[in-house]
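Following: one structure in structure tokens, then a few remarks.
Letters are used for the chains, namely A, B, C and D, taken in the order the chains are written, and counting of residues starts over at 1 for each.
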Amino acid sequence: MKKIIVLAIILLQAGFCLASGLDAFKEEKGILRISGGTAHIPVMKEVAKRIMTFNPDIQIIIAGGGSGAGIKQVGEGLVNIGNSGRQATETEVKKYGLALYKWAIDGVAAVVNPHNPVKKLTNKQLQDIYAGRISNWKNLGGDDRAINIYTRDASSGTRAVFWKKALKKGEIIGRANFVASNGAMKSAVVNNPYAIGYISVGYVDSTVMQVTLDGVTPTLETVRTGQYKVARGLFSNTKGSAKGIAKKFIDYLLSPDGQAIAAQKGFIPVK
Amino acid sequence: MRFAVKENLAQLFFSGAAVLSGAATLLILGFMILLSLPVLESGLLMNILTDPWSPGHGQFGILAMIVGTLYIAGLSLLIGFPISLGCSFFIQITSPHGPGKLLKKLVQFMTAIPTVIYGFVGVFLLVPVVRQVFSYGSGMSILTASLMLGILICPTMILFFSQSFARVPKNFLLAADALGGTPFQKLIYVIIPHAWPGLLTGLILGFGRAMGDTLIALMISGNSVMLPSSILDSARTLTAHIAMIIAADFDSIEFKTIFICGSVLYLLTSCGILAARILDRRQQG
Amino acid sequence: MTNKIKIQIRDLWFYYNTNLILEDIHLDIRKNCITCITGPSGQGKSTFLMTLNRLWENIDGAKSQGIINIDFENGFEEITVPGYPLPQLRQKVGMVFQTPNPLPMGIYKNVAFPLKLIGEKNRDSNFEKVKTALKKAFLWEEVKDRLTQDASLLSGGQQQRLCIARTLVLNPQILLLDEPTSSLDETSVEMIEQLLVILKQDCTIIMVSHYMDQIKRIADTTLVLSNRQLSKQ
Amino acid sequence: MKKPFFDRLLVAFSWGCALLLISAVSIIIGFLVVKGYKTINLDLIFADTRPLDGLLLKRQVFGGLFPAIIGTLSLILLAISFAMPVGIASGIYLSEYAPANQKWFFSLMVDILAGIPSIVVGLFGFSITIFLHHFFSNRIFPCLLISALSLAFLVLPYIVKTTQTAMESLPFQVRLTAPALGATRLENIIFVLLPTALSDIVSGLVLAIGRCAEDTAVIMLTGVVATAGIPKSIFSNFEALPFYIYYIASEYSDPSELMKGYGAALILLLICSGLFCIAHWIKNTIDQKQRFSY
């Protein structure tokens, strides 16, 4: 019974959203292509679902690829919106004439498997782990097992931010396992008790354990207050100012409804 | 006269189609080489073939991937070859009726199992097992990928082996039987000497299949870019490398190197096919 | 039986790749006769038949040179000239093979197949032609109730008569038979022999056969092929 | 009488290998079945959309496998309709027309094409897209059409080979029957050779369809995405079952999503085994009726 009530409330909310923020999409038609940052995907999916349910003539295609790919692809005109989990560099902005829209703030947390007793690290320890100088959990108070390092490929904005702000641009050892997205990183850590990786705070839930870094636990709250420093903006970029459906999509992201979705998916709204 | 026009048109259509099929092969090669050219011209080829992969330091070497590919394909062959040999003995020699026929059906069915299924089962069944058993690493390793690939390439080899056993002239076998040879003697003195080019061909095709597979390596080999030092290390194959780097910046050197990977894969497999062809002719002729 | 010449063969040479099969054959074949060819196997008897409808051109590695003239009631024509229209030649020079070879279709369609090839579309006249051909081949009574049935369901002898009917449907002037009875039982053999004797009123028949008694029964002329030469017995 | 040692060894070795392979395959399939059979229901395919609405395309299906299934089906349809005519025609050319040297060259080309790793074919499709995007129209993207074309390249050699082998294995007399009745080469091919070889060709085609259904490497470079809904045109991106399985295996975010992965894997396995059985059935059943015993 309880479930049904909760469901009804959710449905009511959804219905409410349909009536309010989505009116702009009436009469629109066509394909909206989105690619890039994988941290953005849950929000993108939810927004897309609402828009496509409201107006089936619109098709929204969401692909990953990482922030680098998002910026590049929108610049090349391959997609309408290119997401990035880092601010596009000045050269990128200049080269492609990008317009940047920041719609949420996100932290990047180091994560381990919940069964791992090691739940606190200093910044130095984290750098040593990733550089390969500490290679066994035993040295950190855990089991006598090798540390399985997971990292992302160069296209990742999450990696860029983590590397810059948590690893202080330190080395990442070549032995590290490579995964292609936030989701992939999370499932890798879930399945491997001796893994360490890093994901968007929005992806953290009970199946993985975020590592307390220098005494600060990465949560929505600590990121919002600025206590947890490994944070970044989530951007949606367009080539030139946003136009057409892309503009309406970004407007919706920045509307109260859109911001509510961002918050619901574990990010900090900008408004 | 209308007859002749129709005939000629048809022949034109058929030959056009054949030219198209042949052209496809060359076109792919052409594209790979063409897109590798910028790297080749910049004189970086040697660096790319020998450097480590570390884009942060401006190093884009694919040596680790080449080694990873050969390592994984080689090990999977080591696993798959004896099994395939045993199974083809089973099908052709030990019990050609009943059980052998059933096994052959199963092997043919195996060719229809999607590779992504092997990968999926690998991720959720084999990887944890390997991690537990060896208490080392993430469980995503050369060994894990090779085990799965070893099973994947079995049907290719088994079907080829049993075909080349079957091609051994019947009267030779009869002669061996008439002289009182045991099945083992028949195998050693008649079948193997006749079928070895076929065995080698099957081996080459199996190797090509293992080398060309993307999904299993991508999903369960861990994709790290170090030169592997043990079979429990994780490694990245050329195919997985292409799949991972495809999203990178088109103008970057790292993106351009995937065409080198493509060319290397293309050339390696074509050499395999050429060798297989020569061997095949040898057995037939 | 007449003494009119139907086929003139001059300087005929035949090779498979580098093997010489027929060497400088000179021969005349008489009209409305049954000419039997015999001799050891593997010497090129079938090959010789195939030079008369140029079917050898469909075989890889075969090569022929020389001249063959055939009188299709309009004076001799040289059928070996390069541009000679093959479909028309093969419609006038029918051929039946050693093993019956019905096409993968029904009985009626098998016999009507050559009509389809020449573009005959009139269904009534086609039916009459098929019926006549089947009657000539002594098959009509056996199959008239099951014309749509698959031809492969007939017995071997019936299949061979079907193949003869299929050849007869275009009223060929020459009939080539390559050991047509070798795979059949006695009654079928007898039937086909009878049939040939009747057919030679309209046709010039050239038949390869191994059976001396058969040759004795029906041949007007007998030729032996050995050592690449055809000689009269 | 006791068998000699080596013979017993041979028997033991071959039985061992056979059992090993059988158990490996049973474990793989059994694992999927045990873990996944519970997920197989309409919800897996249509999620919270009413099945009928989803089927009639009245409403978009979110979170179900329906778009991926439709994507895979359209991919198969397109790829086979490109590859089939070209493949069969090439096969016919190679077996009926080509002189020896051409035959040697073309069948080498086809063999090489068959050996090229599918990811390289995908890379080729991808680079063609970029090429067209730069030099022809900036409205060309990786899409269903590009994927289907690349897949067509992938399965082309299978179709060429099966057609060629099927035609070449026809007995000599079958080939001569129609020409002896005055048929031209084309008439012989159309009326006799093709119909007789049809069952082999069709079963080859079905196996090619299986290849299209299972391939992941090609499509992941040429336009498949995780979320696209039902493809609206051949120029749009699409979802596909094998890619969905790969995607779930590497990026699932909660157990219920993972269960969908098991369900998808099981469905794909069912589709592929179904195709395999159809191919076998065609080869064995239709064959005996069509093939003539001479």
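Keep in mind that, in the parts below, a residue touches a chain if its C-beta (ideal position, glycine included) is under 8 Å from a C-beta of that chain, and two chains touch if they have at least 3 such contacts.
What you see is a predicted model; the values in this text were computed from it and never measured.
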item	value
Chains in simultaneous contact with chain B and chain C	D
Top chain pair, ranked by how many C-beta pairs fall in contact	B-D
Central chain (distance from its CA mean to the mean of all protein CA atoms)	D
Rounded Å distance between chain A and chain D, as computed from the means of their C-alpha atoms	36
Intercentroid distance (Cα basis), chain C paired with chain A, Å	82
Between chain D and chain C, distance of the C-alpha-averaged centres to the nearest whole Å	46
Residues within chain A bordering two or more other chains	64, 76, 179-180
Contacts with 2+ other chains: residues of chain B	3, 123-124, 250
Chain C: positions in contact with at least two other chains	87
All pairs of touching chains, each written as two labels joined by a dash	A-B, A-D, B-D, C-D
Residues of chain B defined as touching chain A within the complex	52-56, 64, 123-124, 127-128, 131, 135-140, 222-226, 233-234, 236, 244-245, 247-250, 254
Chain C to chain D touching residues, read off their complex	53, 55, 58, 86-91, 94-95, 97, 99-105, 113-114, 116-118, 150, 152, 166-167, 170
Chain D partner contacts - residues on chain A that touch it in the complex	31, 33, 38, 41-42, 45, 48-49, 52-53, 56, 59-64, 76-78, 179-184, 186-187, 203, 205, 207
Interfacial residue positions of chain D with respect to chain A in the complex	59-60, 62, 133, 138, 141-142, 225-229, 232, 236-237, 249-254, 258
Parts of chain D lying in touch with chain B, wherever the complex brings them together	3-4, 6-7, 9-11, 13-18, 20-22, 24-25, 27-29, 31-32, 35, 85-87, 89-90, 92-94, 96-98, 102, 105-106, 108-124, 126-128, 130, 153, 156-157, 160, 184-186, 189, 207, 210, 213-214, 216-217, 220-221, 242-243, 245-246, 249-250, 261, 265, 268-269, 272-273, 275-276, 280
